[in-house]
Every structure is written in C-alpha cells, then in structure tokens.
Amino acid sequence: MADIELVPNNTLMVSTPEEGRALALKMARLIVKSSQPDADARARQRDVYANDPAMLIALTQTVAIEFSTIAAANNYWR
Amino acid sequence: MADIELVPNNTLMVSTPEEGRALALKMARLIVKSSQPDADARARQRDVYANDPAMLIALTQTVAIEFSTIAAANNYWR
Amino acid sequence: MADIELVPNNTLMVSTPEEGRALALKMARLIVKSSQPDADARARQRDVYANDPAMLIALTQTVAIEFSTIAAANNYWR
Amino acid sequence: MADIELVPNNTLMVSTPEEGRALALKMARLIVKSSQPDADARARQRDVYANDPAMLIALTQTVAIEFSTIAAANNYWR
Amino acid sequence: MADIELVPNNTLMVSTPEEGRALALKMARLIVKSSQPDADARARQRDVYANDPAMLIALTQTVAIEFSTIAAANNYWR
Amino acid sequence: MADIELVPNNTLMVSTPEEGRALALKMARLIVKSSQPDADARARQRDVYANDPAMLIALTQTVAIEFSTIAAANNYWR
C-alpha cells in the first residue's frame, strides 16, 4: 500500500451536501489510489469503468455508502 | 471528474418520501455523470442497463442505500 | 426516467412488518419501472431473474436494504 | 408476485440472536419465494447456489443486512 | 436448511474488537454451513474462494456488515 | 482459518479520519489474510485486483462499510 493521503484535510466535516458528495467520491478514489499507485494504470482503468454501466453502478454503490457516513457525521446539514 | 452539480439544490431536505426517492435516483445519476460526462455515452449505457435485469437490480441497491441516508436526514417524514 | 409513482401512498409508515416487506419489494420494483417503463420488457426480465439464483440473491440484498429503512421509520413495530 | 407470508408471525421481535439469524435467513428465502413461487424451481436453484461459493458469499451479505435490522429491532439482545 | 447453531454462545456480546471480528467471520461461515451442510463440499469451495480475489473481496464485504452489527451491539468497545 | 490478529491494537479508537481509513483498509486485508494465509498467493492476487477496475470498486465498497463502523465508533471525530 502506497503511503498516500486518504482523507483530504483529515476531516469528515464539510459545509454542504454538495461538498459531502465530492468528498465521498474523493475518498473512494483515494482507496483505489492506495491499491493502484500507478497514475497511468488508473487512467486506463477509468476509461474501462466509465464505459461499463455495471461498473458505474457499482461505483454509485460505493459513493452512496461513503456519503451515508459523511452525512451522518455532519448531522445531515439540517 | 467533470465539475458538475452533485446534489440538486444542495440539500437533503425534501418534503415527502416520493421526493426522497426521486432525489436518491438523481444523486446516483449525477455520480455517473461525473464519471462519464458524455451525454451520448450515458444514453447508450442506459439502453444497456435498462435491458439487463442484473444491472437493474444493482441500480436498485444503489437507490436503496442513497434513500436510507435521505430518509434519515428527513427523520423518515414521520 | 418515466414520471411514475415511486412510493405507494407517499409514506413509509405501515402497520406491520409484513406490510413493510411488501413495501420494500414494491419500492424496489418501482425503481426498476422508472428505468424500464416498458411493461413487456419488465415481464421478460422477470422470467430471467426468477430463474437465476444469483439475481434472486441480489434482489434479496436490495429488499434487505430497503426494509432496514422502512423498519427504522416505523421504530421496528415495537 | 405470489401472495405469501413475508415475515413469520409478522414480528421482528425474537428472543435470542440465534432466533434472529434464523429469522434473517427465513425472511430472505421468503423474498425469493415471492419472486419464484415454484417450489421445484427453487429446489433446483438451491442446488446451484449451494455449490457456488460466489453465490453463497452473496447470500451471506443478504443475511448480514437482514440481521442488522433484526438485531437493532431487538436492541441487540443486550 | 440443516439445523445447526448460527450464533456461537447465542450472544453478540464479546469482550474486544478482536473477538468481534472473529465472531463476524464465524457467523458468516455458519450461514454458509446452513446452506451447504456437506463439510467436504465446503472445503472444496474454500479452495476456490481463497484463490479468487473477487470472492475474497466479496467475503470482506460480508464480514464488514456483520461486524458493524456486532460493534454497535457492544457499543464499539468504547 | 489461520489464527492471526484481526484488529491492530485490538481497538476501533483512532485519533483521526486518516487513521480511520487506514484501519478500515487494514481490517479488510486481515480478513483476506485469515482466509488466504499464504503471503505469495496474496501478492499474486494483489496484482490481479490492482489491475481490475471492477475488483477495485468492490474493494472500495468494503472499505466504505468498514469505515462507517470505525467513524461511528469515534463519533465521527467531531
């Protein structure tokens, strides 16, 4: 595992749902980066999954789970 | 990642379960859009997954997870 | 996305666990319907997944997630 | 969808974790039954998934999700 | 379904996170056992999934879900 | 199952989200290790999944679930 940052700014606290979604996506990507540190390899993989609806749906599941944690952490921005 | 809106109106607060489901679907689609910004590519993918029961079931899993967050945020519209 | 009802009666409140399970199934099916509005296509797909144990297991995952939300909304019918 | 019982005794309340696991399994099977009412077809499918480790693992995911709801409903039998 | 024990000691209460992980793994295995009671068949399946990274990742999803329930039951061993 | 450590330091309490993500990854890997104790086999598998976007996405789902538990345990580092 590469020694990379896994949580931008090291906090789950963000100001809005919009920022929460962006953080969810980012956190998922950083896990991929930690397992596949080669940027070229990741770029090639992005071409694969961006054109595969099953993989895109799987990605939406990941983001949904990450977001549920971030939303709870921020008390749902109520 | 394209710089697009990820949460309509930047809030999880909606008036009804019906609106909550629509938001869950929309938020999932916006994640797909952020990974695949090409509208034509997404339209082609929609034809694929709309005719593939395994992908449709996977989509229902995503929506179920997104909705659980939205429902909690809205205190289940009790 | 077809403009269809996504939550019957627009409420998560149901009287019993039995009704909660039926609602979970129904809500999942309505997401499929919103992505695949053609009733004949859905009927053909039902024949496919009803005879595919992997898809049936995936369906049970969806229902389990939807039900967790409905059960929490109803305070588990305690 | 066949009109069958989806929750035995129409309650999530059970006395022990052991009963909770059995209920989780049963509730998942009843969803399968509602989508595939033919008992012979289900028996054939059972032979398939019981010999397919990927499907068995998928089944354990379903049971884990159902059980999380049942355990919360019973306050974890604390 | 074979009539086997599904929860060791019939409790979710364990003393440490370490024991909680072991319980999560064990509970998942007992669901497999209940669906595939033949020990030789399970041993053959273990050889398959232990050498298939996709199945191993799927197994980690199951354990993660089971553990979330056990951890909540034990108030996270705070 | 090999008798290995499943939770580093036997605690879910960590100081920061960054450490929480690292713990989530580590706990997932230790489950893999417990099912596949052979280090060479795991290294070969890592080459497989690090180059397979579908498996990497599945891995991100696991980490997301593990992290949700760790984040709750730490009260989201609020």
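In this document, chain identifiers A, B, C, D, E and F correspond to the written order of the chains, with residue numbering beginning at 1 in each.
Here is the rule we go by: contacts are C-beta pairs under 8 Å (C-beta built on N, C-alpha and C of every residue); 3 or more make two chains touch, one makes a residue touch a chain.
If you're wondering where the values come from, they're calculated on a predicted model, not measured in any experiment.
Identification of common neighbours of subunit C and subunit E yields D. In the contact between subunit A and subunit F, the residue numbers used by both copies make up under half of all numbers at that interface.
Centre-to-centre separation between subunit A and subunit B, using Cα means, comes to 16 Å. Per-chain Cα centroids separate subunit A from subunit D by 31 Å. Here the CA centre of subunit B is 27 Å from the CA centre of subunit D. Under the contact definition stated at the top, the residues of subunit D that touch 2 or more other chains are 46, 49, 54, 58-59, 61, 65, 68, 72.
Interchain contacts close the chains into one ring where each touches exactly two others, per the touch definition above.
Here the chains link up into one ring; start at subunit A, go to subunit B, and the full order comes out as A, B, C, D, E, F. Interface residues of subunit A, counted against subunit B in their complex, comprise 16-18, 20-22, 25, 46, 49-51, 53-54, 56-61, 63-65, 67-68, 71-72, 76-78.
Interface residues of subunit A facing subunit F in the complex, by the touch rule stated above, are 1, 5-7, 10-13, 27-28, 30-32, 34-36, 41, 45-46, 48-49, 52, 54-55, 58-59, 61-62, 65-66, 68-69, 72-73.
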